[in-house]
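Following are the structures in question.
Look for subunit A in each of the two complexes below; its partner is subunit B in the first and subunit C in the second.
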Partner chain A sequence: MTTPNRVLSRRVPLIGHATGQPRDGGRNGTIRWSSLKARQTRTGIALIAPAFAMVAIFVLFPLGFAVYISLTNWPLIGSYHFIGAQNYTELIHDPQFIHSVLFTLLYTAIVTGPIFIVGYAMAVLVRSGRFGSVFFRTAFFLPFIVGLATESFMALLELQPDSGAADFLLAKLHLASIHTAWTVSYGLSLTAICVFVTWFASGLTMMLLMAGMQGIPAELYEAANVDGATWWQKEIRITIPLLRRNIALALIISVIGSFLAFNQFYILTEGGPGTSTQPVVMWIYEEAFVQYHLGYATAGAITLVVVTGIISAVQFYLLRDERDQKKAVRR
Partner chain B sequence: MSAVSDTAARGPGISGTSVTGAARHRPRRTARDRAGFALYLTAGALASVIFLAPLVWAVLRSFMPGTMVIEPPSGADFSHLTTANYTGLIQANDILHNVLNSLLVAVGTGALTAVIATLAGYGFARFGFRGSGLVFALILVTLMVPFQALLTPLFLEMHDLGLTNNLTGLALFYTTFNLPFGVFVMRNTFLQIPAELHEAAAVDGASPVRTLSAVLLPLIVPGIATTVLYAFLFSWTEFVGALTFLTSANLYTLPLALLNLEYGSVGQVNFGYLEAGAVIAMIPCVILYIALQRFYIRGLLSGVVKG
Partner chain C sequence: MKLQRRQALVVAAATTLLAATAAGCGSSSPSSSTPATSSTFGVNATGTVQFWARTVSKTLAQKLVSEFNATHKNLQVKLTLTSINDDTTSLATSIRAGDPPDVVGLNDIDMPSFTSNGSFMNLTQYINKLPYKADLSPGHLGLGTYNGQEYGVPYWADLSVLWYNKTLFSQAGLNPNDPPTTYAQILSDAQAINKLGHGINGFTFAGDCEGCLGFTVQPGIWADGSYLTNGPIATQTANITGNTALTQALTLYREMWTQHLVPDNVRTDDGTTWGEDFAAGKIGIMPGGYGQVVDLVKPSQLGTEFMDSPLPGTNGGYSTFDGGDDFAIPAAAKNPSGAWEFIQWVLETQQQEQYPGLGATPVRTDVLTPAFSAAHPEDAVALKALAKGYAPVTMVYNQMFNEAGGPWFQMFTTAVYDGNMTLALQQGQSGLARLIQQNAPS
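For the complex of A and B:
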């Protein structure tokens, strides 16, 4: 036991517990092992209770409740009926839901690569700790800190035809017309949002990769230098293999973030034109709080919980793996 | 041992002078080194411009007259700088009221998360009992549950508890979804303090609360700072939860007030006001991050960050 009564417990059985002295033993300067243990447990439970209560009320209960709601035709007001799996069978035949799932997958497939590559390149730039690297790191990370909602409002202005900075710059470079309206067509808004999100999110990937890169022993690179390895060879043979776990974590966090996309689409396109740029979270939101099909919307939400849950489980597996390895090293 | 834990174990985050293979101090700088350094500076400066320019540009735009905001950018824009967008936003839209709402929720979320996570972290680190590991795992597993997928049951439940359209309710919701991270960080913070300190205080007869407040508190400040920073920034920038749980305009947090400027206004959107409001929303994030980035990076190294 690594607990505070380690010091005491050694002599306690001789005095209190083993000899079966009365309960007031503690007051006579002797301490019963079992009462200490009980007090320890009581203190532990009391300290943990508020956190557990919050999680139980606002996560665990809603999770179970969600499964229940998804099996009913729950409206916003009025009575509901238990309809079994009907919502789920309807979901897989609902073209709008299917479209939002496919759109989310497409969006994720497009942005994950650029976010990773830009993040990796920036991590390479700032990992050295040379003059200026803290400034560069801060500059690259600020878009992530400011947040997607705030920046989407800024982007809305810059993506306007004629007056936005995007058209202004692209027209100067002869790449697009000054009249291009980026937020009102499917292809243009998806393109603009992907570039915008890459700018927003690659700083996080950079941070997660940089931490790992700085943990790689310098001796490995020195040995490679002695052998005359090129920069590229060192990156492929040393950095990437040793960074496997950080790379996996960065990709998982990025993919889950993309699956849960909402702000940028809601603010910039409102899902339009029509519902063509509607990601899954927006489908859930609209179905629940605009159409008031709470049961049906929740069935869609449950599928999202299952998918993100499976991906996060991989993240947990990687973290657990790391803890086990740490233990092994200590031994 | 993995790279992340290796760096984490070394302590307060990534120092600017960490030595890697690429940057060992060599006795003499060769011409090749100098060329490499020049390339590094150029690439870094160029990339910094790409990443910072949109934010700096937004600040400049917010000081342009409303009529110019909706015209193509030109050099003349900078000769008419004015605070009209800000004064208009404050007078016509009472934006400071929304700033206050956001601030109340964010400060409340930060404080509540800090207190609850500190207590739980202390409990898990030093008062383990049969089954406490399971409770810890259960709290950590909730990291996997995206709150975006629980909006419907949460709305119904919070509505019945009188917590919808209520800033306290919003703060409780934000606190809960910051707890798994906070509890994890605080438990690790307590585990890094030598157990002897806690034991000595207990032997001297100090109660757990007194041990925490008199002996351990100064040592866990970095952990608390990390927890508060994440909770505050999460709350300040959160959008879809506020959109779902708040319906009265007088309770709107800043992002909702901006959405109201975009969709609520009749006719043309006042982009000058929108830009000024976005800049107001941006400022606390930038200041807090730059001032406290040491603590922010500490949190990133815990490995339980969400995107």
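For the complex of A and C:
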């Protein structure tokens, strides 16, 4: 079996000086291979340059500038001065920022599980291709398509006491009073928002998992059926292990989305009562565009980026599958 | 591949360094305004005037601009409407970029944030030359004043008044032409109307709308001669604890809530549906905006079914919240002369008299003639109150009064819904003092 170098040395004409060790085919073969490599490298760079330029302009540059802003007392209006890490020092002593971080973590912890479980159940329901699965697939994914902001405004009306559909239905089921004011108490508003977001986001989880489920070979399930495996055993032993990457993706997207929660809290509670339901992104918004403390708010934003990145990296590590582990060992 | 990775890292590092260098080239504070001294300033100007107005004044702005352009062939105004939550951010960004509009219609309570750092042109000498300066809204002028210099002039007024339902007054045995003028009368009239039952309530307010409450509750405090802040911006202090007028105002709302003189859903009304129950004829008395109710009801109902009166204090007197917008000319405006000519035209009597039909109140009290009162009796009530109007001149108005987590709403919630007045005043005092200290001008 010939090596690629030997194959190429017979076909590529001499175009430059030799570099590196002589190979079978002589000095001319090495010259041809090095020139081809250089041309391939230049071609590769040229092809990725536009994408890299976009990333540099729209991601790296703004990120770098944001880091600089976070090291100043940049106001919305007026002059600013470089103050080093003072903003970061103040952050860790700011009770409202700490509260926002803890509230965001609590909210993330509450909604992540239900979003995954409901999404998985939806995926199981619609993956089979049986009658009605297309309809249900569309119906489950529709909330995600319509958008969180629009649905938050709708929820704001439906959560009103005396007139909203939520109290009407729950009162009929004897589960709540018709006068329940969902958006003005901490516990009720958090409950309502968690249920609402679970309904909104589980459709995306469904789509991510369903795509993976449909890629699992049917023969595995047939073999399991021959062995007398139950539905639950097939899910645990076949589906979930082979869905590891899809599950990881769904969970990471869900956690990042929860960390960046803003719309639903801004529209439904405005962070109230007081600031009890104020997530981190809303804290950043308030500091930047209400308090006009852009530098301080940017420090909070950079902190959020770093924390989100760390947590995502941890999730990637914990949820890596056997193929990724083997690749790491080979390296 | 190693070569590519190094190249990518070098590019990234260079990009970041470039960003830091560009940003570190210096602060971009707006240049302090140097007043033009030409006697022709604002007279026969030419060119284009870029005018930014808030969307909430859309009807008024579009009408004024259209009429001005039709009558000034050599000077044209180009109108841009800014969204309700973005106006200050948009303006600040344009000033920092060195490309501001020539004239802006800015929410008057936002004026102090700009006047204190030289963002606006000093208009003192031009305002002093206006023959009707003494008749201009004092509240609007005050908000545009900093260190004795004037940087803004009134544009339009959005005033708070006490609306009442004359039909319900008659049904409850009250005189429909004798609106309440004290807190005690408001309470007793609301009690009488509430007894009508059948879904009728004596009073209403937007109980989850912090800005709405600031707009309607504070005038009663000012009518008593008290204010929630003391002193100019540079040395401002909070005046909450021990403020008797404030305590009386909060007590009135507490009574309304505990006696069920208001609909149950006021607790969750964030302003979205504020006033709709009043416009539907279900409410006896509602503090609100003049333009707010005018937009909700039919013209034929004004004066017959619905009427307004000035917002009273504890034992009489009255005041109003001088809301609305100020005109200001950014220091870096390209056509300040054209901007001032446009402003003077808007302030002429002929234009001011059009305001009621466009949902606004004029900003000149000398417009209040018998003819004006006969044509616009409801707006005449508001305009009469303008002379005693006020709006807090502070750097922290939005943070204090327009935020769900701000000290004002926290204080209102604790006092009115929880019934703990002592704690409420402590929260208000400490919260406002902290905001003032954090946002003191440097």
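The rule is simple: the second predicted complex is superposed on the first by the 251 of 331 C-alpha atoms of A that agree within 3 Å, B and C clash if a C-alpha of one lies under 4 Å from a C-alpha of the other, contacts with A are read in each partner's own complex, and residues count from 1 in each chain.
Simple rule for what comes next: a residue touches a chain if its C-beta (ideal position, glycine included) is under 8 Å from a C-beta of that chain, and two chains touch if they have at least 3 such contacts.
This one's a predicted model, so the numbers in the text were calculated from it and none came from an experiment.
In the overlay built on the shared chain, the residue A:F289 is in contact with subunit B and with subunit C.
When the shared chain is aligned, no partner comes close enough to touch A:I83: not subunit B, not subunit C. When the two structures are aligned on the shared chain, A:G271 is found in touch with subunit C, with no touch to subunit B. Contact with neither subunit B nor subunit C is seen for A:A176 once the two complexes are overlaid on the shared chain. Measured by the number of subunit A residues touched, the leading partner among subunit B and subunit C is B.
By the touch criterion stated above, A:I45 is placed in contact with subunit B and with subunit C alike. Legend: residue contacts after superposition of the two complexes on their common chain; A:A229 is shown touching neither subunit B nor subunit C.
Once the two complexes are laid over each other on the shared chain, residue contacts for A:I69 go to subunit B and to subunit C alike. When the two complexes are overlaid on their common chain A, residue A:V184 makes contact with subunit C while staying clear of subunit B. In the superposed pair of complexes, A:L105 makes contact with neither subunit B nor subunit C. For the contact definition in use here, the residues of subunit A common to its subunit B contact set and its subunit C contact set are 41, 44-45, 52, 60-61, 63, 65, 69, 156, 160, 162-163, 270, 289. Those residues of subunit A that touch subunit C in the complex are listed here as 41, 44-45, 52, 56, 60-61, 63-65, 67-69, 76-82, 156, 160-163, 179, 181, 183-184, 269-275, 278, 286, 289-292. Partner subunit A is touched in their complex by these residues of subunit C: 3-4, 7-8, 11-12, 15-20, 22-24, 27-30, 88-89, 92, 95-96, 113-114, 117, 119, 208, 263-265, 267-268, 270, 272, 398-399, 402-405, 409-410, 413, 438-439. Note for the complex: subunit B touches subunit A at residues 1-8, 14-24, 37, 40-41, 43-44, 47-48, 50-52, 54-55, 57-58, 61, 69-73, 116-117, 119-120, 122-124, 126-130, 132, 135, 138-146, 148-157, 172-173, 175-177, 179-180, 183, 195, 198-199, 202-203, 208, 233, 236-240, 243-244, 255, 258-259, 262-263, 271, 274-275, 277-278, 281-282, 285-286, 289-290, 293, 296-297, 300-301, 303-307. The part of subunit A that touches subunit B in the complex is made up of residues 2-8, 40-41, 43-48, 50-52, 54-55, 57-63, 65-66, 69, 122, 125-136, 138-143, 145-151, 153-158, 160, 162-163, 165, 167-168, 178, 199, 201, 203-204, 207-208, 210-216, 218, 220-222, 224-225, 234, 242-243, 245-246, 249, 253-254, 256-257, 260, 262-263, 266-267, 270, 281, 284-285, 288-289, 294, 297-298, 301-302, 304-305, 308-309, 312-313, 315-316, 319, 322, 325-326, 329.
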